[in-house]
Amino acid sequence: MTDLAAVKAALRTQAVETPSWAYGNSGTRFKVFAQEGVPRTPQEKLEDAAKVHEFTGVAPTVALHIPWDRVDDFGALAKFADDHGLKLGAINSNTFQDDDYRLGSVCHPDAAVRRKALDHLLECVDIMDATGSADLKLWFADGTNYPGQDDLSARQDRLAEALAAVYARLGDGQRMLLEYKFFEPAFYATDVPDWGTAYAHCLKLGPKAQVVVDTGHHAPGTNIEFIVATLLREGKLGAFDFNSRFYADDDLMVGAADPFQLFRIMYEVIRGGGFTADVAFMLDQCHNIEAKIPAIIRSVMNVQEATAKALLVDRDALAAAQRAGDVLEANAVVMDAYNTDVRPLLRELREEQGLAPDPIAAYRSSGWQERIVAERVGGRQAGWGA
Amino acid sequence: MTDLAAVKAALRTQAVETPSWAYGNSGTRFKVFAQEGVPRTPQEKLEDAAKVHEFTGVAPTVALHIPWDRVDDFGALAKFADDHGLKLGAINSNTFQDDDYRLGSVCHPDAAVRRKALDHLLECVDIMDATGSADLKLWFADGTNYPGQDDLSARQDRLAEALAAVYARLGDGQRMLLEYKFFEPAFYATDVPDWGTAYAHCLKLGPKAQVVVDTGHHAPGTNIEFIVATLLREGKLGAFDFNSRFYADDDLMVGAADPFQLFRIMYEVIRGGGFTADVAFMLDQCHNIEAKIPAIIRSVMNVQEATAKALLVDRDALAAAQRAGDVLEANAVVMDAYNTDVRPLLRELREEQGLAPDPIAAYRSSGWQERIVAERVGGRQAGWGA
Amino acid sequence: MTDLAAVKAALRTQAVETPSWAYGNSGTRFKVFAQEGVPRTPQEKLEDAAKVHEFTGVAPTVALHIPWDRVDDFGALAKFADDHGLKLGAINSNTFQDDDYRLGSVCHPDAAVRRKALDHLLECVDIMDATGSADLKLWFADGTNYPGQDDLSARQDRLAEALAAVYARLGDGQRMLLEYKFFEPAFYATDVPDWGTAYAHCLKLGPKAQVVVDTGHHAPGTNIEFIVATLLREGKLGAFDFNSRFYADDDLMVGAADPFQLFRIMYEVIRGGGFTADVAFMLDQCHNIEAKIPAIIRSVMNVQEATAKALLVDRDALAAAQRAGDVLEANAVVMDAYNTDVRPLLRELREEQGLAPDPIAAYRSSGWQERIVAERVGGRQAGWGA
Amino acid sequence: MTDLAAVKAALRTQAVETPSWAYGNSGTRFKVFAQEGVPRTPQEKLEDAAKVHEFTGVAPTVALHIPWDRVDDFGALAKFADDHGLKLGAINSNTFQDDDYRLGSVCHPDAAVRRKALDHLLECVDIMDATGSADLKLWFADGTNYPGQDDLSARQDRLAEALAAVYARLGDGQRMLLEYKFFEPAFYATDVPDWGTAYAHCLKLGPKAQVVVDTGHHAPGTNIEFIVATLLREGKLGAFDFNSRFYADDDLMVGAADPFQLFRIMYEVIRGGGFTADVAFMLDQCHNIEAKIPAIIRSVMNVQEATAKALLVDRDALAAAQRAGDVLEANAVVMDAYNTDVRPLLRELREEQGLAPDPIAAYRSSGWQERIVAERVGGRQAGWGA
């Protein structure tokens, strides 16, 4: 029997970090469709993020991306966030948009390019010091497009060297989160293609280095919740980059493509102690064609709904069925939780917290969208451009 | 026993069409790395294409992409091509880079957007009339990102309507080539996702409508040569868009990722009568990080090498082994051709045609690259931008 | 607003066909694990199927597989079914378990083998005449393992010839249902690998030939509901073989791997008119490690739940959002139906029909499992063996 | 410039281990096609393996599979091998064909089953002591078919416990080689699904534990040579199970599906020092439809040809191009080696070693096939049956 009060208590502790760049324009290699009302500055992104938190109650932090969110005074930006009820979250580095990075950044054959990339990573730690961010999130677009283009193993050596230098720079309470990605933008080999590679590097670096699981960064058919369970078992799961995909790194709203998978992932997080531990739940999405703020609200709600379902799993009944080798009953226990409609529970929870029960409707009737469309005219809309 | 003279004779008839856009800049959604010496105009693209043909002898036509290659006077452009030893090839439409096309073009729910897209397609036929191009190549980025976003079947109705209107506009000797693509830029459903969908539309349209096989547009594990054989058997194979990929639509140099697959495809083309029939062999690639002109020369050579190997298959021995049910021997006959090093044969062929035996070396020593780097300064480099 | 009475009325018409072979033993190439109580005869399979229908109310027909279900008197078997409240459904041919079929059946290079296979197919139509079955379901294991092993196109010619001969033999009210499969047991090329190939053959054969969609027979990432919509639009969707998979043709319980996909498929069936038309909903599963009868009951219920959710989609609201180009709202309408817990509705429906609200519990307390375990001792358990 | 004498010298040191089970019957879940002349005993398998070594000169060892190759006196079997010019190679355990293993072996929820499985693994080490085999190769079919069926993390604990017990039993000069597999026969989660999981276990066990890369055990699109390079860099690559596949674990002849991939793998082996180190090159294939002995000869030759090509890579020229960031030139250096026809070199090498230049032809004219077909009549043909 599941204890509903405990489920609600757990849900009250949940926090989903939204990424500053999801509020700006994004697209595919074919086209970036601009949307009205998109922020022009890091501050405007934070204003939008504050709305997401206002209506969901579970999105209190915002990840920054450097240089997209570079400001002169990061302390002031942290204060701005604080004034809007937010904290600044992970600092995300960018070593893929400078012309020098055509053949890689920290894995580049040229030491000068590697040095430039490393300097950027170290700068990101400086920014963490200024913002009070605990996490440095590293994703490298490094890789090769053609067999032979570069030496796969030498690139690992260069990567290890850069990571060690950054690791040495981390202060107390700061972590390095290393992300892996199956492919794109490199097409033959990426330098951190899978969790095993990220894990092996983090293991050598030490306890402050952990792995990021981006749910869109795997080969077709990969059992992501197995990886989650394994990394938790090894103490090396640092964070999620949530999004969903049908094919590659589609970066759609989390839960949109395979909500059952999201539920299974959240179940393993909870089962493995990751829900109460230091695992960060971040979104990393691109709202290429849909309205951005409501899409982010929906995504946060999708994580919340999957979490609620995972919390509802009757773990005693499950353990009993597993011990008995009753395949159908064990599966049925899990499916029973998944098939439950948790939306009434979450509406109730929101009302208990003084929130509107339907965050999307509340946002739509708040007038914010109309206001930003009217006010954010001129200037340069935020996007992936450096 | 294979007749080497016949192989050479067949190779002399080969023609590979290069795409104007491969000479310009391209990239991923993360970054477009600009290269020095890249063309600024359609004319400069043709100058580069002329070099590819000059050194390979088998790249006599160039595909255009509208609006990227829009000029005031297409007749003059055709004349320019002719003066450079080239002909203008397929006209490629673009209904994906206008803000109106956020939710599709000919499949868009709004009739006004559909009309705009159709007008563009009809304009492309006008351009064909002016350039003397025989082929209209249609690839639609249309699709949906989220379940429910639009009605899958209604979109097919709209697509069929637009195709019928374009088909009706085709003149004598003009074809419509319909391309399919598994995913990207749409992530949930593309409106022409597979050869079956393209085939079903072409069948209803009539004999002037045929299917384009882009070798990068399939689900993982798809047996492309089977599709080639099937479309040839049905009389519906119109053209190839050649490129290679490890994962998705990587658009790498054809033959770079899986040269054995390219050989198998060319074998089915030859076996199915496609080599002598009206099948167009086009490249559609992105040279994001490698030098563009030599990459295109290499790609043309890769097609040539795969063709030579496919022509070398001892078809009598193969048929005998197949009839006898000798799996190993039949496979060995095919592998024997594939394992042959055909580069000496092709060097010999080039010399017989008055060409340098090594096109890459010849290009490198020609001074062209240095010249365009020096001369093409200023202006706006060609790329995918509308 | 969805009309609940109409939803219930539609659900009352639903029929899911269970396959005789799912009641017998099955396994992987590594091991077939025998289970206690498994049927030894076609009659015992029908007894089990009768239980599934008794407790679910929506499984009134049973598919046979020849020769696994060969009996001396098929008329008597039909009578036996009738006496147990069932009808005999589709006749499934088997041209893959005779030593002669090592290199194929109707596509085999040797005409004698092809003739033998054809004779078997024609015998299956004879059986249909005896059982009153309307559907001949054809799945061919034909294909090749190595490039060059056989001529891909010649095999299509042989296939077409056999299909034409069988088609000519069909009587009034009889259909040929042609199944496609991406791979397995052939590994290089299967002779009917995709819906396009099956469609092209059926189109030439005529209106009695239609395509079977087995939900486990696609390349990774394939959008199955798109195929469903397309085949319905073309009038060529004949039947489903339902099951679920994470990787290949796993043949797990339908709805177990991706329940959201099953819902999307059922939505397209309903939207395309397939729910009221002559589309047969069959299971084709292997219960390798779980108890067979309750697994089949669960599978039938999963189809029913997905159907109920699909019927709940507010199609007016959906159409309005689609017309308006409101991506998030259109998706939300679909997700709202999917997120609904339909189990109370289905329990209510069962009670209205005089059934127990929980079919699994009812089966478990019926004593049937204990009885068959006790009684079905000795003899040869049914399985895939010829 | 590549030193041909050094290439030949390296090739002379090559050894490929053939698996005893590849000489017996195998098949898919649909059918095992028996072949004439197939061995009935471990001794007859060794006789066939001796022929493969006789004609290729590079297949001096044979892997055993327990219990398929169980004999009363393993010392005598080793002597029998020795008398036929062979050594016994790796001992392969089997914990998947007993009815007790329906829900797993060392990961089973029931401690009694785990104990039984562990006892089998320990028995395999006993056999190693008797045969003088250095390698214990462990592949576990363990996994789950349905979400919730068992606890993913608890299964890892059980696995770790069993591996530790086996590891403790290993003598000097004995290794444990742990194999991973993406899926099959388990369909939801396999307990060692990827190299990262195998690596993490081996790391904890110690230096005698290393990872086996089976080339057919990966997700679609996985860059296998990257894994090879990484494991070599970490000192954890123990062995290969070579085979090839188009889709899943097809177990076709190595080099048959993607010879370029095999070449790239061999290049990374050589580059990473694996060719001279203790990496075992084993075949693990199923010759379901083709003649077994010549298929194995062909497979050995395919490995040899890929090795020769990889040895031919001009590593100085490659390193120079890589350092210069010349993508096309670096790729060209690799492709130049791959495109070389190494068959004349290998024929020459064989003749220098007193072998026939064409092993397949030599086998065919040796009369062995006719002899075993004639003599091996009656008895029970070897296969996967326990």
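Per-chain residue numbering starts at 1, and chain names A, B, C and D are given in the order in which the chains are listed.
We take it that contacts are C-beta pairs under 8 Å (C-beta built on N, C-alpha and C of every residue); 3 or more make two chains touch, one makes a residue touch a chain.
All figures in this text were calculated on a predicted structure; none of them were measured in a lab.
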Kindly point out which of B-D, C-D or A-D repeats the A-C interface, defined as over half of the contact pairs being the same residue numbers. B-D
Count the C-beta contact pairs for A-B and for B-C, then tell me which is higher. B-C
Mean-CA-position distance for chain B and chain A (Å): 38
Roughly how far is chain B from chain C, centre to centre by C-alpha average, rounded to an integer in Å? 39
Residues of chain C that touch at least two other chains are 103, 145-147, 182-183, 188, 220-221, 223, 246-247, 256, 260, 289-290, 327-328, 331-332
Can you check the complex and tell me which residues of chain D touch chain C? 26-31, 33-34, 96-97, 99, 101-103, 141, 145-147, 182-185, 187-188, 220, 245-248, 250, 252-253, 256-257, 288-290, 384
Spell out the residues on chain C that touch chain A in their complex, using ranges where they run on. 220-221, 223, 246-247, 256, 258-261, 289-291, 294-295, 298, 305, 327-328, 331-332, 338-341, 343, 360
Considering the complex alone, what residue numbers of chain D touch chain A? 103, 109-110, 145-153, 156, 182-183, 188-189, 193-197, 199-200, 203, 218-223, 225-227, 229-230, 232-234, 260, 264, 268, 271-272, 318-319, 321-323, 325, 327-328, 330-335
